[in-house]
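Structures for review follow.
Okay, so chain A shows up in both of these, paired with chain B first and chain C after.
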Partner chain A sequence: MNMTDAWLLPLLPAAAFVALTLLGPWLPRKGDWLAVGAIATVFVMVLLIAADFTDALAAHGEEFAGAANSTQWLEVPGQLELRLGVHVDATTIVMLTVVSFVALMVQVYSLGYMKGDSRYGWYYAVISLFVASMLALVLADNFLLLYFAWELVGVCSYLLIGHYNHLRSAAEAAKKAFITTRLGDVGLLIAIILLWRATGTFNIQEVIAAAEAGEVGREVLTASVVLLFLGAMGKSAQFPFHVWLPDAMEGPTPVSALIHAATMVVAGVYLVTRTLPLFQLVHGGPELILAVGLLTTFMSATMGLVMTDIKKVIAYSTINSLGLMFVALGVGAPAAAMLYLFTHAFFKALLFLGAGSVIHATERQDVSSLGGLWSKMPITCVTFAVGALSMAGLPILAGFWAKDEILVALLDNKAAFALAMATVPLTAMYMARVLILTFFGDPKEPESHEHAHEGSPFIFVPLVLLAVLTVFAGFVAFDQVGELMGFPGGIGEIIFLGHPHAFHFDWNVAIGSSALVLAGLAAGWFAWAARPSVPGVCLSMLRPVHALFANKYYLDDIYQAAIDRVVLSIARLVAWFDRNAVNDTGIDGGGYTAKFAGYLMKFQQTGKMPNYALGMVIGVVALTLVAFTLKG
Partner chain B sequence: MEPVAQQIPLEHFLALSAILFSLGVYGVLTRRNAVLILMSVELMLNAASINMVAFAAYASPEKFTGMIFAVFIITIAAAEVGLALAIILRIFRNLGTANVDEVDELKW
Partner chain C sequence: MSSELNLDYSLLTPEFCLAGLAALILALDLFVDDFRKSWLPYVAAAGLAAVLALSLGWVNKESDFAGLLSVDNYTTFFRVFFMATAAVVALVSAQFVQDKLRHPGEYYALLVLSTIGAIYMAASRELLTAYISLELLSFCLFVLVSYAKHERRSNEGGLKYMLLGAFASAILLYGISMIYGTSGSTFYADIAAAYAGDTSAFDLALLLGLVMVLAGLGFKVAAVPFHMWTPDAYEGAPLPITAYLSATSKVAGFALLLRLFSGAFMPVLDDWQWIVAALAAMTMVLGNLVALQQHNIKRLLAYSSIGQVGYMLMAIAALSAATSSALLLHMTGYVITNLAAFTCIIAWYNLTGRDEISGFRGMAERTPLLAAALTAALFSLSGMPLFAGFFTKFMLFQAVADEGFLWLTVIAVVMSFVSLYYYLLVIREIYVSKPEEGEERLPVPALISGLTVALTIGVFYVGIFPRHLLDVAEEATKLLFA
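The block that comes next holds the complex of A and B.
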């Protein structure tokens, strides 16, 4: 399978979506095998394409930039030519692997987790549509196709967050996620149009080439880069748009794993990785990414520390990770960001699926009603622990290598390095907290603990596979490992975007961050396992700080107030105008005028035949006179 | 014998037709009895027939277009009278009058 055949990839799940939507109710098992089969085929195809890519890389060496294949979509002669196609390079290969593998795991997991759901077929249809759009987003060689796919994944996210549509909270969360990301998407659309006006093309590579050649004005480039970043911020839940992601946990847990951890939310990171040269052309562009990433990663770590919902803790850890990826992009280390994205997909999907296993078994998701589950669910416990420690950044787990790569890249920027280092123990602490409160200690609700049990193989096999990857995926950064796996020049070459020796390892940073991780884990163990009275004491001492974190920095309240005050008052004004001016005067006014005129005129209809006859005669005479007058 | 066209000028026919038509209009507008109104309508129809025949005789004497029209008008007028009388009869049976001023059910 050639790289240029990659356009086939999104078509398979898209076909599955169409088949499931049209025929779902009549297919055996509501057609879930179709969706799973499509994504499994896609995964195999991705592996073949990756093999083709490594061959090409070996043949062409470092200057190999990737393969493109596009076809004319529509043309206005002399005005506009739109081409539609795929572009496969190292970044694409990494994203394709992540998307197809995690999607496969999640769909297999859903066979167990979603069993008996009243909208089972629809769930699989939308998941297939999501995978198709995500693949299209990753493969797109132009901004237009990317934007279509970008919106499509947003729609799928909306549909899946609101999957339990009988819950008001789920419907509200779906709406919030859609509207919040739309705010950023508007920026992205404007940026795409601005860049198109400046360069005359939608092709990403051509736009970058034109900008580097100085064809785009400084103001236009600055504006479009900032607007582009708005889109990325919305999708990747960066401050101040991050508020939708924790609420998105209302959706089914496998959806959280696939869309709100491993794939869709990293679309923003992917977009910025793709367009990073544009940011670097703008004065202050990288600094903007860095600042937003740092702020997000630090704030989300503090909020993760106080959340009690197991899924929300993981959601904040996702925001934390996304912030870290933007930090890496901000200091010009896209390779580090991609390595983190690659490993993060595995351990974060693992964490969510582990949480899903707990929720499936106990029907509880608040840590205050869980606890002591390790004896009931050993597989889930071990795999979740692997994921949590990887997120914390414990050495040799995947998260460690990726995070250290980012920290090393930060070394030149002392303030940013310090802030990133400060979040390391916080992350370790809240991951230890959620791990301890869920699986260790005494069960807080003996009844649900009693019924808890390990799920079906559909549920624990993906957990084990992801855990294995979480342990080993970090090693791909080393060339030797890649060569052992049969990739010429090391698989690291793919992760590092064609710069195989870019993997930095700094013993000082590694030891320092590991010490901080251990300190964070120890603090977590001390506070929530060894001395359970400590959190209470801290809480009484730091009540305002806790309130600040637990209320999410009051951002939701501020937004709500802003919506109430500004949006609703404008809406009220518009509604008043609509009701009075448009409706009452414009529409009803015309109707009433006609009606009144009719009322006045109806009295001409006397019903007496001579009156009508007289009318006719007068009419004929008048017409005759007119005719003679005109004739002259 | 000379054709009638040379003996009497066309204007005389037209004047006759106009007078007849005006009488008919006057009758339709002033009579209140439905049967009399019907008769006035017949006058108007006959005025039209005279016009047809007169013009035909003067404009194209070799053809009979106008005369054929007149025959048609007479036929249709006969049918129309039959229909109209039937309607008037029904109105009289239902409302007890043939006075058109009192027949004003179809109004606002």
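The block that comes next holds the complex of A and C.
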């Protein structure tokens, strides 16, 4: 399996989607085995491609830029040539591994979790389409294909968030997610068009090369970069577009794990990583990314602290993580961002699937009605704890290495470093909170606690696998580990974009951040386990702050008011115009006019032959007069 | 003209063969018993196919018969075109003639003979030859239109067609005489030579001549205001003859117009260009708007074909190499589409006896294949992409716009949009209206199914790979502008 064969990857799940959509009802088990089989094959193929990549890396050394394979799709001679193709480099390999592995885990998990769902076959069809689109997004060598895939994952996200379509809240959430991300997508589309007009190509590498050669005007480049970033912000739920992600938790939990934790939401991070050279060409470009990332990280950590829905807490922790990745990109450390993305995929998927296991067992997802589940669900409890502590950043878990790598990269920027450090104990605290309130203490609803039990192997095997990876995935940062596993240059070579020695470890930062993590965990333990009265006291003292956090900084209300007042009033105007001017006057009026004209004209057809002959004579005379006038 | 006339009769072999075929059909009709008469359409179609194959021998050859007729790629194109059309019409007629008409021998013989007239209209390089060819075609059609002689409408349509046709012929002849008077010749090349150089002078006789020639030929192609015979003749004629009228009669008129105006009247382009443009505009608008008011499928198609004539006249108004090849392409696509539509309509009429638009309800359930093919044909006529009509119209409109007649193109596009409405009305009956109780699936003869499928494939072929046909059309019209 060569790198240039990577175009095969999206085709398999796409074929599964077609088969499931057309034949689903007639297939045994509604065809879920087709979807799982397709993604399992894809995973194996990705491993083979990764092996091929490391071989090529060993053979060519550091100047190896990746492999590309494209084919002509459409040509307007002299004006436009569209090529579609794949580009495989280190970043792609990381993403492919993450997408295919998490998708495989989630699809296996869904065999248990979604069992008995009324739209089981459709669920697997859409998941397959999503995986196909996500793989295409990752592999795309040009902006156009990337944009198609970008929109397709958005559509799949919409369909899956609204999977429980009998729930109004799910439908609303799906709509909200789609529209909010669309706002960013429009920016991305405009950016793509601007860059195409400036460079004449959609190919990402060629666009970057052209921009670096100074072929793109400064204003155009600035505008394109900002618009491009809008797209990334929408998809990756950055402030102020983040509002859709917590609501997206209305979807089935495996979907949250796959789309809203591990893959689709990091598409924005991936896009910025791919186009980072463009940002660095623009004055203030990296600073923009850094500022948005920091703001998002901090705000989401505060909101995570007060949410009571287990999935929403994890959703805010995802926004928190995504913010951190942008922070890393903002200070020009894509390797750190990719390492975080890589490890985050595992522990965040683990957290979601763990939460799913709890929801599956208790049918509750509010922490105020859970508690004490550790004795009933030990596997879920342990694996969830591993995930939560990794998210918090406790040493030797995967999240620790990745988070510290970002903090090290921030050392030159004191203010940013301070703010990032400040979110570390907050993160630890809310992760401790959700862990304690869910699994420890007394059960708040004894009845549902009574019936709670571990799910089927489909559910807990992926949990265990992901937990193992959460413990060990961080070690890939060390060359020796990779060499032991048989990769000539170590896996770090892949993660670090061919610079195996880019991993920085700073004992001071490590000790400092670990101390903060421990402090945060301790504070969480103190507040929610040791002295359960503390939160109440704090609440009464800090009521306005709590209200601010719990109401999500009132952003949803502000948006709603803006939509009601501004958007809807404009929409009403447009609707009125459409109904009266376009439809009644333009379309209907035009139609009636044409019909009436036809009605009048049909009387020339009298059926009487003298009239016909007279018509011909009049025609001859009239034409002669016309010709006479024109000529004479 | 050169003093030595080329009297090489071998150039006319295909037409001799056609005449022989017509004689053979008449003889068979006389001497075989009634049972065998059902074979006549197949004899006619097979004979036409054989002569068609024979005529391919003149591809890329260029010669003339006494300066009167040209045998070149243009003629060969139309030989193939008219013989193929006649063969399809013969096949479509098979059941209809057997069920509804008498005297099949004369019917098929006239069909074959009319083809000769149509071919010579395309081949003529001299006005009187062109006129005689036109009359040969017309006389066959006069008879064919009134062939259902026990039906009042058929007689009415045929009579109107014949009397008005005679009137139009008189106008045409008068026009020809005026052209002869001003130029001193009836040969296209000599007329062009006589007018060459001096175009500014005002010449009333020439103008009148041009207007009358246009009126006479306008009658043939059904251009407004010389179109009034069309709805009556279309409605009255036996259905296959309606199809034939809309295909061969019309295309032959354009074949003549194209060669005449490019060969003889190019030097006086300024005199007639605006007249033709005005005719085109009137024809498109009236044909399409009045079609909105029709309830009978034959009258609907009559008016829609008048609308189509408007589009085709644009190509004459904006005469150039590009518009000519686009015209040939469009006419080919149009005829294939129209034959597909008529094949379905004839089959439906044979099965149910209905030719009102409301009579097509339930077609989707009762004859799904015919319903799908008719829908494809109607979409093609309105110019939907993927179907022949889209690309051929696109090429035609673009070529016309390139010649500076953007305003005509705008009218044409708007009228295409109008046409979509009345085609959709039929499609709505086919697919949306449910059949009445107790109406079952109908058996469609295998021949008709095969023909429908073949023609529908043709519709898609022209729509998806128009390049192939366009190359042929360009090859055929190249010599007109050499």
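Here is the rule we go by: the second predicted complex is superposed on the first by the 578 of 632 C-alpha atoms of A that agree within 3 Å, B and C clash if a C-alpha of one lies under 4 Å from a C-alpha of the other, contacts with A are read in each partner's own complex, and residues count from 1 in each chain.
Keep in mind that, in the parts below, a residue touches a chain if its C-beta (ideal position, glycine included) is under 8 Å from a C-beta of that chain, and two chains touch if they have at least 3 such contacts.
Fair warning: this is a prediction, and the values are worked out from it, not measured in the lab.
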item: Which superposed partner A:Leu623 touches (first chain B, second chain C, both, neither); value: second
item: Touched partner set for A:Lys631, first chain B, second chain C, both or neither; value: second
item: Contacts of A:Val545 with chain B and chain C, given as first, second, both or neither; value: neither
item: Which superposed partner A:Gly591 touches (first chain B, second chain C, both, neither); value: second
item: Touching partner for A:Lys602 - first (chain B), second (chain C), both, neither; value: both
item: Contacts of A:Pro610 with chain B and chain C, given as first, second, both or neither; value: first
item: Partner, of chain C and chain B, that touches more residues belonging to chain A; value: C
item: Those residues of chain A which chain B touches in one complex and chain C touches in the other; value: 602, 605, 607, 609, 613
item: Contact footprint of chain A on chain B as seen in their complex; value: 25, 28-29, 32, 37, 100-101, 103-108
item: Complex interface listing, chain A residues touching chain C; value: 591, 594-595, 597-599, 601-602, 604-605, 607, 609, 611-613, 615-616, 618-620, 622-624, 626-628, 630-632
item: Touching residues on chain A, where the partner in the complex is chain B; value: 602-603, 605-610, 613-614, 617
item: Chain C - residues contacting chain A, complex; value: 160, 163-164, 167-168, 171, 202, 204, 207-208, 210-212, 214-215, 218-219, 224-226, 228-229, 231-232, 270-272, 274-275, 278-279, 286, 289-293, 418, 421
